[in-house]
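Chain lettering (A, B, C and D) follows the sequence in which the chains are written, and residue indices restart at 1 in each chain.
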Amino acid sequence: MEDNKIRFECDYTEGAHPRIMEALMKTNMEQTIGYGVDAHCEQAREYIKRHCGRSDIDIHFLVGGTQANMTVIASALRPYQGVISAESGHINVHETGAVESTGHKVLALPSSDGKITAMQVFDLYTAHINDDSSEHMVQPAMVYISNPTENGTLYTKDELAALNSVCRRCGLTLFMDGARLGYGLMSEANDLTLGDIAELCDVFYIGGTKVGALFGEAVVIVNKKLKKDFRYYIKQNGAMLAKGRLLGIQFEELFRDNLYFEISKNADRLALMIRKAFEEKGIKMAYDSYTNQQFPILSHEQAVKLACRYSFTMNESELKKAPSMTRFCTSWATTQENVNKLIQDIKAL
Amino acid sequence: MEDNKIRFECDYTEGAHPRIMEALMKTNMEQTIGYGVDAHCEQAREYIKRHCGRSDIDIHFLVGGTQANMTVIASALRPYQGVISAESGHINVHETGAVESTGHKVLALPSSDGKITAMQVFDLYTAHINDDSSEHMVQPAMVYISNPTENGTLYTKDELAALNSVCRRCGLTLFMDGARLGYGLMSEANDLTLGDIAELCDVFYIGGTKVGALFGEAVVIVNKKLKKDFRYYIKQNGAMLAKGRLLGIQFEELFRDNLYFEISKNADRLALMIRKAFEEKGIKMAYDSYTNQQFPILSHEQAVKLACRYSFTMNESELKKAPSMTRFCTSWATTQENVNKLIQDIKAL
Amino acid sequence: MEDNKIRFECDYTEGAHPRIMEALMKTNMEQTIGYGVDAHCEQAREYIKRHCGRSDIDIHFLVGGTQANMTVIASALRPYQGVISAESGHINVHETGAVESTGHKVLALPSSDGKITAMQVFDLYTAHINDDSSEHMVQPAMVYISNPTENGTLYTKDELAALNSVCRRCGLTLFMDGARLGYGLMSEANDLTLGDIAELCDVFYIGGTKVGALFGEAVVIVNKKLKKDFRYYIKQNGAMLAKGRLLGIQFEELFRDNLYFEISKNADRLALMIRKAFEEKGIKMAYDSYTNQQFPILSHEQAVKLACRYSFTMNESELKKAPSMTRFCTSWATTQENVNKLIQDIKAL
Amino acid sequence: MEDNKIRFECDYTEGAHPRIMEALMKTNMEQTIGYGVDAHCEQAREYIKRHCGRSDIDIHFLVGGTQANMTVIASALRPYQGVISAESGHINVHETGAVESTGHKVLALPSSDGKITAMQVFDLYTAHINDDSSEHMVQPAMVYISNPTENGTLYTKDELAALNSVCRRCGLTLFMDGARLGYGLMSEANDLTLGDIAELCDVFYIGGTKVGALFGEAVVIVNKKLKKDFRYYIKQNGAMLAKGRLLGIQFEELFRDNLYFEISKNADRLALMIRKAFEEKGIKMAYDSYTNQQFPILSHEQAVKLACRYSFTMNESELKKAPSMTRFCTSWATTQENVNKLIQDIKAL
């Protein structure tokens, strides 16, 4: 199963940023209480609040993304309510029905780039609510977006404001999955700040697993209605880490200064170098991504050549039929050296 | 919330055993595939199989105990089936209804010490199955035991064999929660080996969170019927760690040699020193525990005195009414020095 | 499976009261809209409101008791919340885990007669809520009582007021399962009115299946918070009858005048005649019931003798060991003639 | 809410066929045991088996269609498995997420007429199963089809055989929702028999609610694997009628001779008269239906005119924008006289 290739297949192939490992070592024999109410978690919360520019938010640390998604969604919906998502949304495709396992329908909207629009949301909402027999259909109650999306694309501030506006109007909760948020915030194509996101979303999370941490996502709850009893949901969904301080220590390090942002910026820079190399070779990109995931459309021959030295995401049976989308990811851990090697091999295609 | 007391309140107040931290440091920049199918996980599985003395078992690494319990139980039951547990069982009391959240009833049996008997299981089973209208009641389909129990007590080999026998007879799956398994296996009162457990249980887990690891539980599936598609359950329950190798690396270290057993043994030894100190003072123990948890019945005055320097589990409002059960835990991380201090203060009560 | 015995085993062995059958015949070819918003349902709601003495209540008609219980409970609880019930409560024993299947734990309280007390509720509540780690336990949020209970016993007005009071204090919803409510209201031991129940409960239902209807339970929602979107819950739980008017027509008939009460009264009268016959024979009753269910403790010999001509509930394997509880029910359909026969045979025991 | 229009909006606007009402009257005071194991249910099962031409099938009577769908699907799937359906399938659109409430994702396929093809099923299956990380996606395990579909269209024997074949190959359960099965079987466009359906499906149901009964669906289980413990699912889903004989009595009447088929045939005949009237007026049909539902595309003006005297399904806001699909249904209860009136008014448009 393992090989010695240079890995670009995802953004979680290494451990954690060295500063995080150091902090874990240094604090290892400290005695703390469990379950995320220790001093490290408290400190990490303070740092994140400072970066968000507001203190009226609740922050909870969960181990992983599927956990974060299912816990947040379960906490916001009543049993007969559903969550609107792009068809390609992580919750709709790659979480083995975790949302449905908590009883909720994912109401999927078509999307060519991973994003959904305020108008799509409004149309779906009115189709479900405007007649006498609404109770025969799932009631839309939440909008789930990922930013960056699964396709590397980004919501602009205007687009997010429009989603916010339709959500206010229709009584929907707006939830942003930020598993790769750092890579989004530091993209050259981005015009959103953490503060904007806290302003426009009811709840979102700041991904650690894919951005420098061993694991961990920081769920930020802005809307007061969602704050009550959230720790019950964490526990019930098996997402309450006994040694909660492990999450606190990691997010302390990421947000004590600008580490989270600096490592994200570097990954984006390397990803765009890869993109440029593909494009200079005349290879088209499936999505217009300015973040750490790039989606070149390769021929079978090209893919096979690169696959000798590099691991990346591809669908071999699709590739045999026609040139198909592949995925190359950089991360906080990607080295310039490995990117240079890849670029040279792209040039040699 | 935090203080500077010496902590005996639970067995997860520190990070991980130094050897584990070292291994995590050393492997940090390795690139591996995700989700628990990397070489470290494979190696850890091999080590555990060797310790169990058999290779026909499936091993999966999950982050925590509630996750492990809910995932195993969900995988074994059909919707109308329930799981038999001691009333004091962790799944019945301290998991915020995680089992019920997957749709299953916990069928609770009374227990004075945390253990249940084969006869109790048989009686409950026949009460649910023996008439025409069985389908009006939840169908018992699994027996959940914890070993050591939440009260520090242990199943003997004979007792486990009897449970195994009644489970075979009634078609029940036997599941052992081994969150503290190391402390059980190394207890002077224990006559079970890992091999016995694999022989007598359909599925069990070897706890890491409370026994030396940062986090992690190794679920061991013996019964072939439970093996199929178990990874789907892990993923759906939000229990599939992206950087799965973190679990592999930790269990590699714990089971490469006898680390898991040595650190457990030491914790048991220290716990029994504490027990002896209490008993010499004429203080009764609520449960006859030979493992790392001790349950002295303290007066309010005694508890208050010890609480000045030590944290331990107690119920203040109960203590005000009458002498009540408290809990002192040791762990792999407990030092002889701290235990000596505690013993001196017990003597001075 | 069938025999020609006179049936006393339950209160749903016949069809419906002749007046109901007549009404169904008369309206059969009327065309109405579906799903319970037709004129018959509206009319039935008006009648029930009149009998409750208030108009600020919502009334929904569901087909059966398990449906009513699971739908009401699902509508009132958040995922991490549970419902308090007597151990012998129908939802805890005889609904195949329907409540758990919607994700909620039943928090069972011991009971010798089927009733629970305000003090028991308060103690359970404080045990779950009074410390720092409440989120590790299911949060109690509802109290479920049945009246009459499964043992034929009744709550007095004082007892219900005490439950109401503890529920207000602890923020719990009070729910009365009235599957046999008519037999309770007309019992000589009863001091509650429909108006009292509406005053003291947040939600309750008036059973039709066991009291004269072919099927159907009228859920009465008093607490405003529970009213919102209740029809979604009905539909999602498969409890929305397409030809909803069938329920409306039946409850119209039962509550147009006093039919519901008259037939209940007669059943109670006949049950007490049976009780008296047993007692005069020196046979003890397991519960002190003044409603339509009677629970004589019979020897195996006595049970076998009566079982030649009558069907009633008994546990043959228990009876072989020792004299055991049996159950004889009357209903709106029970005839004086059949009761007389039974009494004669009791006398002859 | 009610009016005096002639109702064509659905096929459940009246009570039951007079023969059924008569049978309910005649048996009303019989004493039977509950829950569907009485002699009437047994007799009805025999009749249905005869009509299916086989005796190795299990038959269960449930009250309604949503119940039947959710109970059958819950019984056949493991938690991580999903059910494939046309996007327009009843379970995907009009059951308030009842399937998701039991934890299962509906995997929706696009469809222009309500039907799905074997090739679509195969493609979806392979997309979910063909790679290393299948466990990140819901596992397809069942195919749900309705016949007639929600659009009045029918599967041919060849199409059903192809679905059967792909299901065998991929290990999928094939389930047919026959809420309107009678209208399908008697359609001039149909080439399927009850025997064919039992041969080609693993499980299906014969709808009563929309075809002559007050309520009730007869679930027919052919595949042995699905038979075990099905009554537990019925009970848990609140679908076990206490006076189960009510369902038996109705299906006895429908299947004692050919009543079910005769009344269906008449409804189809009347529906095609309506269709012809629309077509002669140059009005297009949205779907090519030869069953009891017809879907003329009306202008706003046409719809408004007909809506003065008739109720039918329409979407007023859509109609204001452009000519839109409406729905007219006939049923076992539709009279020639009312159809004649409608036809005259269509002619006068």
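Simple rule for what comes next: a residue touches a chain if its C-beta (ideal position, glycine included) is under 8 Å from a C-beta of that chain, and two chains touch if they have at least 3 such contacts.
Since this is a predicted model, take the numbers as computed values, not measurements.
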Most distant chain from chain C by Cα centroid: A
Pair joined by the larger number of C-beta contacts - A-C, A-D: A-D
Mean-CA-position distance for chain C and chain A (Å): 50
Between chain A and chain B, centroid-to-centroid distance (C-alpha), Å: 33
Separation of chain A from chain D, taking each centre as the mean of its C-alpha atoms, in whole Å: 42
Residue numbers of chain D (touch at least two other chains): 79-80, 95-97, 101-103, 135-136, 232, 235-236, 240
Chain B-touching residues of chain D, taken from the complex the two chains share: 35, 74, 78-80, 102-103, 133, 135-136, 139, 229, 231-236, 240
Interface residues, chain A side, partner chain D - complex: 79-80, 82, 93-97, 100-106, 108, 130-131, 135-138, 315, 317
Chain D partner contacts - residues on chain C that touch it in the complex: 1-2, 6-7, 9-10, 12-16, 18, 21, 24-25, 27-34, 37-39, 42, 63-67, 70-71, 95-98, 101-102, 209-210, 214-215, 232, 235-243, 246, 311, 333
